[in-house]
Amino acid sequence: MQHKARIALTAAGLMGLSMAAQAQDGESYITLASTTSTENSGLFGAIIPQFTDKTGIEVRVVAVGTGQAFEIARRGDADSLLVHDTAGEETFVEEGYGTERANVMYNDFVLIGPDGDPAGIADADTVAEAMQLIAESGAPFASRGDDSGTNRAELRLWDAANVEAEGDWYRELGSGMGPTLNTAAGMDAYVMSDRATWVAFDNPQNLELLFEGDDALFNQYGSILISEEEHPHLKHDLAEQWHQWLLSDEGQQAIGEFEVKGQQLFFPNAD
Amino acid sequence: MNDMTTHIMTDTPPLSLEGVTFTHRGQRLLGPVDLRLTGCRRTLVMGPNGSGKSLMMRLAHGLLAPTRGEVCWEGRTPRQAMVFQRPVLLKRSALANLVYALAVNGTPRRRRKAHAREALERFGLGPLERRPARVLSGGEQQRLALARAWLLEPEVLFLDEPTSALDPAAILAVERSVQEFHAGGTRILMSSHDLNQARRLADEVLFLNAGRLIEHTDAATFFTAPASREARAFIRGELVL
Amino acid sequence: MPSDTSALNTALSLILGFDPALMEIVALSLRVSLAAVLMAAVIGLPLGAALALWRFPGRSVLVVALNALMGLPPVVAGLCVYLLLSRAGPLGELGLLFTPTAMMVAQLVLVLPIIAALARQQVEELHQEYREQLTSLGLSRLRMIPTLLWDARLGLVTVILAGFGRASAEVGAVMIVGGNIDGVTRMMTTAIVLETSKGNLALALGLGIVLLGLVALVNAAAYVVGETARRRLG
């Protein structure tokens, strides 16, 4: 009987080894650290196959908050970076982790709230006014609170509106965009979202898009090439091909053609 | 060496206990005990409950190390086996329990099964070979433990109250097995608090009381003319303090 | 919520339709969790048995530490494995981050303490009973280990199932070290998190039902095997 046990042990060992071995096969792929908005809206699902068809390079997307994406890239765990925090991206390049940053596309942020609009932001002229109205009304506001690109943009907007984002009404969730929308829907809170995630979001309940269109809500996405000096082991050649494709006419067209529920979500604007 | 009746072991090394003492948490439970056992005799270890019989058996067999003193075999360590009051059987079939013991003592794989079956037959367990050992009756379990001991071809067999939980028929079977072991040349060291059993089996008696060895005498002497007050009381069936 | 009623339908159509994406996710989840549990068993069972048999200085500290690690938060385990496998970390050279292997390692870290700690308890109990007989047969402690593990097998199956339950239900660790990459490291649990964040609650719940069904299936199989063995061995 112990004979059988020995066979089982051997089988287990082999299985473990085969798991380890699978990671070693040298397929042609890059790891892209990006944000949840691009992944969750389905953009990557639409454009990456076109890139893979052309080049044979697979793109594996790790979709996290912008803060975590920077950290992953800084540690050398991703070959390429596509995020939406221009100031942070420039710092990343200045610190020497990135060699080149380019505009790829933009969309915009929108303000979402319960359908009764208790703060009356739908009639506001500017986003600063809208945010002041929310703060004054005391209606709950759900913030990502996760150091993501959206979170950083939101904090800049409160600053610009001269509002102290503090108090009972201001709820920091420490979650991604999707979970934050779920929570906001549950407590009838106002929330700022990128348009792409909002349009693709399937559980709005009472939430509605209440304010949009201010230039201050502009949301720029940039692609960054990671420093070969800092991380020589990365697949810089493949990452460069991806970066160039995003900026090429073909890549830009693919981004522009992507639609959810009949709406274009990202607007290509490579220089 | 399977047929023990033709193989008389005359060279079983003597066992001696010298000043053997066992203490647990500062309390002396046994000793100091001095004794020497030779030849192929049937030695019955007697005494009231708590007198240290089991402890002395375990020290002699090497399951426990004495706190002070020494247990030594003169010349070489003989093959030994022990049968416990409550047989410890593995969670496998009767046959597998015996095959296991053979595997442990290094019997080549191809000979184990046949050898084990032979032991089962010998101890009247043949039809039960595929039954899980742990669902056998108490008597069957003790016979299986004896069969396991038999496979080890012991020169010295320790039995710690092997019949105290059994019915008369099962006791008889165990006692017969003990006699067979002895006839095959195995030295027997068996503890019991049953005087009649001792009368049936013993060549000599070790009488313990309160952790001390009081008497070490021939059975005939012990039962007819015990030297100590405690042994006399024990034989009369009185409570010994 | 409309999702409550449609979740079951979604789950059924996913399963009955043999949705290829779902099958891939299920296969990966099973592969990673089973491999992690097998590795944990291969390491944890002898380790637990050794802890049960040997007395050495610091043993009680080790036992308490092992018991405490049973409650290790998955996110913490994930973070530790992440830092270990990250390029900037000590094992970065292996390039294992964001692969199924990394997820297996993370689950191994979570499951190993459970299997080792519970195996120690089971083996220690059995050892109490067997010690004198096995010593009498002349077994060293090292040679007792296979015997004790084999004879404790019915209880150890439950131990391994507990490990499998922890591995397959876990999301925090595999999310961090796997990255939830579509088609590469997306598992049942990370897919559920993703669909929830997309507001696709019916699909998320449907996936949850599929996961629950799988775990139930594995447990039922183990139960049947265990009961049969129990009846046979007494």
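A, B and C label the chains in the order they appear, each numbered from 1.
Basically, a contact is a pair of C-beta atoms (placed from the backbone, for glycine too) under 8 Å apart; a residue touches a chain by one contact, two chains touch by 3 or more.
Here the structure is a predicted model, which means the values were calculated and not measured.
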Chain whose Cα centroid lies at the greatest distance from that of subunit B: A
Higher-contact pair (C-beta pairs counted), B-C versus A-C: A-C
Centroid spacing, where centroids are CA-atom means, of subunit A and subunit B in whole angstrom: 77
Approximate Å spacing (C-alpha centroids) for the pair subunit B, subunit C: 46
Length of the line joining the C-alpha centres of subunit A and subunit C, rounded to whole Å: 31
Subunit C, residues touching no fewer than two other chains: 147
Contacts with two or more other chains, residues of subunit B listed in rising order: 92
Residue list for subunit A, restricted to those that touch at least two other chains: 1
Of subunit C, residues touching subunit A in the complex: 1, 3, 31-32, 34-35, 38-39, 41-42, 86-89, 92, 94-102, 104, 146-147, 149-150, 179-182, 184, 194, 196-201
Contact footprint of subunit C on subunit A as seen in their complex: 1-2, 5, 9, 11-13, 15-16, 19-20, 22-23, 31, 36, 40, 44-45, 60-64, 75-77, 176-179, 181-182, 200-205, 231, 233
For the subunit B and subunit C complex, residues of the former touching the latter: 58, 61-63, 80-82, 84, 88, 90-92, 100-101, 104-105, 132, 134-135, 152
Subunit C to subunit B touching residues, read off their complex: 129-130, 132-133, 135-139, 143, 147, 151, 154, 232-234
